[in-house]
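The following pair of complexes shares a single chain, chain A, combined with chain B in the former and chain C in the latter.
What follows is the complex of A and B.
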């Protein structure tokens, strides 16, 4: 039983880790060895990275991705926190309706919205603008972020806002001075969530952005992949350089994020 | 409820204090002020576009951006008689069920594993989620590189241990393509599920297990008797949201196979995309969208009605 447990554990770790290892190690192999199945490169090279950085629009894509992800993150927090505060801590007519309306967004496949969103964006002149991506990423991140906040709000005793209200504090003061510091882990969680949603979004980014100037990383990467199917050096190096920023971000915020995801989803 | 009661009490107790009364009055529009940015955002980016889809489904529009003629229910008739559309439903059902099973098994096994405390368990709990936080396109590259039909490491290993004599082209084979992408997508998503399940596991009181152990229950009986029922809220939420999420997935399929080979991985979202952007049939793509959305709503309503945990 114990041995079986060990073997199973090792298999699970391998399942998660091996793809990361294999692509990373491949990206350092010299071109004529990259197709060889060696678990350790015979010779190391940074050639693919150098070419990727200087011969492809990688850096431009990275810049765009960072703008979109941080933009989405800020907007999501700014609109989700007040909304979830109202929904989870206040009584008002239509509360349930708003709650259901926000959750109903899960039901409709994003695919259905692709065409009309494109039309809408072109009407308001936002096609081929990073704003269009920020706007849509907020739409797709916000409902789950709102739901995640419920756990954090429920963890704060209701008597707290009541006594503050009796003491004469206005709603805004209660939110900013009393509640906000208490839900800080929740803010971190939805911020990371919004960042990740944005960093990984592909479909809308591929339709709403037409010029190379505004392409984000996933799109840039898929073009490198499609145009140069033989260039596995670029593809693997590109994959590494696309996941690296999220890994760095996650190294700082990951602990809070997983903890927040855990706490937000059960309570 | 409690809150409202307190507010009312404040009003009735101190009706003369105008300042207090005013404050309570102000509060009435504050919640609307707080929810309105999010609600407006969603209405503008989801519900207004949805109404465009409904309108478009009655027109013969071809290219995006052109104006077609009003054709009444013609697009719907085409959709209901379209074998391509209903064929994509078959793939979508396989996709949803396949992902559901694979991810549930993987996520539960990881969660049950990490629910025990060991040296690296904290580290593992945080970092096991990385497959979920990386872009789909990177996931696609990972596995395309591993499963590559001519020089992928997967084929090397299988041939090395003598399981196969010829390299398999998993993504290029109509039989294997769908299961392969289901596996790849499950790899992408199971860590997220595992985190949620772990959260649920952490909420189960240890005494329940201790008491049942005294009564002589084995691990398996404990799982079905305690663990599983305790997680019913979570399994319900994941069953509903997870199914909708999985159904809607497009990018991993499109980047890996574009719906092929021979349509074997054309799920409903892929079909709608192709109808609109490859076949330039925006009108019928919109009709497909409407039919799909209605079926999703029906699914959600039925699921909530029959699967919602009883105690609420």
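What follows is the complex of A and C.
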């Protein structure tokens, strides 16, 4: 039985890791080997990375993606924390309605909203601005993040708030000094979630941005792939370099994310 | 705790300020775009959909050179995606955020024309034609309703690419007929190698390759000038039947293939043939490890009773602005672009894939001196020869104004899916395709 567990585990890891391995290893193959199904390069090269960094707008796209992702992350946290506090800790009329309304936002597929969102952004002069992407990412990410926070708030006994209130603390002080430190894993969870969602968002990024100088990585990579023909070296090198920031981010905040998902909302 | 909280808030405020800075610079850029003139300079926005960085770079070089030699005009190129052409562009144009110049292919022009923003370009074309001589096949799909709706800028044609090394190993000659093509595909399919790699997904790639087979079968007239669909013919069935047979010798995952996958199979030596355009030239040596001389190309093999030919279409540039000052600037830009030395540089943004559409372009030494064109001169000559028999669905029997409604949903490829996924016979599938096209073009 133990053997089967090991075999199953190894197969699962291979299934998940192999595509990443294949892309990574291909990015180091010389051009005439990149299309060959060799598991290990016969010769190594950094040519594709050099070309990607110096012959394509990859670095510009990277800068834009970092601005949008960190921007989305910050705005999401700033909105979700007070929103969750209000919904999960405060009593007011229509609280349940607002809670359900947040989840109801998921009934709208993003594709249906493309044209109205474009027209709206155009009217407020935000087409071709990184702010439009931050706004859209927050719009689609914040409801789920708010729902994600429910477990964290429910895990903190309400008597803590009451004790603090008896000691004279106001609502904001309770939130920032009592609750916030206790939901740190939750903050990390929604921060990572917001970052990853905006890092990979394609649809609105392709619609709302027209200038090359504001294009983000998913769009840049799709352009690098090319129409009619695919530049496999640039594509694989681009995929590896695009994964790196997410991996680095996960290395720092990933354990909170996993902890948050397992201890927070699922509880 | 208080200290760390304060630090966190300070950090967030700092980042917000940085972001605010980015935002305001963006807004500045956006607001400038709407201005047609600033300090006596006429600004022209051009959207093109040639996304690969090498094409963007070359286009920008030509445009920057024009801007430098014409300080009163500034053409600003912005790269877009064909994927957005049918959803984003109309919304952008109607919201007043569209470009002044927009790249197009013939069927896309018919769609966009319905927005009443496409300006006739007869004066520009007439002047350029006198000086540089447009190839008829490149101009014709843009001329209907008594006007010309785009200026052709480069052409593309499909042909049969084959690996000479693999053919020689089997003692085969390049196929010129469908019987020879089928025989070669069969013989070359062995030991993990495939005779041919064909796209069979619901995509424009499949539409185009299948249409080349339709042309070669004698079924190029898919819809007429009155938008009557004439898809369901014995010749069309013959083309689908042939495609189905060839898919037996194409990799098993062909139903997911678009543009890149057949080329990857071809260059890696896992497929001996492919039907595509001139994008096969540039990466062949580096990706296959074979010398350029091993890249074979012949015009599309012809079916019994069919006709020589394959898909050919020109990409054009539509003028969307009705501002007289801008139109004047645009005329200056076209005058500059079609001068042979500038045009050669522009067209060779993707050597071999983009073919000249003017006689002066064909005759230009600058065109033939491009390193890739010079290296593959023999293959380029075959492509130019194939262009003479080129055809494009919707533009062979007059101009069908509703062809965009057939091309957009990929009905040609969808018909193939009925054969390979739903198990219909080619006859049933073509009948199904006819019904779908009729419904769409009502």
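For this structure, a couple of remarks:
Assume the second predicted complex is superposed on the first by the 261 of 267 C-alpha atoms of A that agree within 3 Å, B and C clash if a C-alpha of one lies under 4 Å from a C-alpha of the other, contacts with A are read in each partner's own complex, and residues count from 1 in each chain.
One rule holds for everything that comes next: contacts are C-beta pairs under 8 Å (C-beta built on N, C-alpha and C of every residue); 3 or more make two chains touch, one makes a residue touch a chain.
Keep in mind that this is a model prediction, so the values were computed, not measured.
Partners chain B and chain C clash in the overlay (superposition on chain A). By the touch criterion stated above, A:210 is placed in contact with chain C alone, chain B being left untouched.
Applying the stated contact rule after C-alpha superposition, one finds that A:70 touches chain C and leaves chain B untouched.
Counted by residues of chain A touched, the larger count belongs to B, out of chain B and chain C. In the superposed pair of complexes, A:222 makes contact with chain B and with chain C alike. Judged by the touch definition given at the top, the superposed model places A:8 against chain B, while chain C stays out of reach.
Judged by the touch definition given at the top, the superposed model places A:231 against chain C, while chain B stays out of reach.
By the document's definition of touching, of the two partners only chain B reaches A:95; chain C does not. Once chain A of one complex is fitted onto chain A of the other, the partner contacts of A:112 are limited to chain B, with no touch recorded for chain C. When the two complexes are overlaid on their common chain A, residue A:131 makes contact with chain C while staying clear of chain B. Residue contacts after overlaying the shared chain place A:57 against chain C, while chain B stays out of touching range.
Only one of the stretches 61-69, 79-87, 223-231 or 241-249 in chain B has C-alpha atoms clashing with chain C after the fit on chain A, and that stretch is 61-69. Looking at chain A, you'll find residues 35, 78, 114-115, 118-119, 122, 207, 222, 225, 232 touch chain B in one structure and chain C in the other.
By the touch rule above, chain A contacts chain B in their complex via residues 8-9, 12, 15-16, 19-20, 22-23, 26, 35, 37, 78-80, 82-83, 85-87, 89-92, 94-95, 98, 101-102, 105-120, 122, 135-136, 138-139, 142-144, 146, 158, 161-162, 165-166, 168, 170-172, 196, 199-200, 202-203, 207, 217-218, 221-222, 225, 232, 235-236, 238-239, 242-243, 246-247, 250, 254-255, 257-258, 261-263, 265-266. For chain C in complex with chain A, the residues that touch the partner chain are 1-2, 5, 12, 15-16, 19, 22-23, 26-27, 29-31, 33, 47, 49-54, 56-57, 78-84, 87-88, 91-92, 95-97, 259-260, 263-264, 267-268, 276-277, 279-280, 282-283, 286-289, 350, 353. Across the interface of their complex, chain A is touched by residues 1-4, 6, 10, 23, 26-28, 30-35, 37-39, 41-42, 44-46, 48-50, 52-53, 56, 64-65, 106, 109-110, 113, 125-138, 140-143, 145-146, 151, 153, 156-157, 187, 191, 195-196, 198-200, 202-203, 234, 237, 241, 244-245, 247-248, 250-251, 254-255, 268-269, 272-273, 276-277, 282, 285-286, 289, 292-293, 296-297, 300 of chain B.
Here chain A touches chain C in the complex through residues 31-36, 55-57, 67, 70-71, 74, 77-78, 114-115, 118-119, 122-123, 125-131, 134, 176-177, 180-181, 206-207, 210-214, 219, 222-232, 234, going by the rule given at the top.
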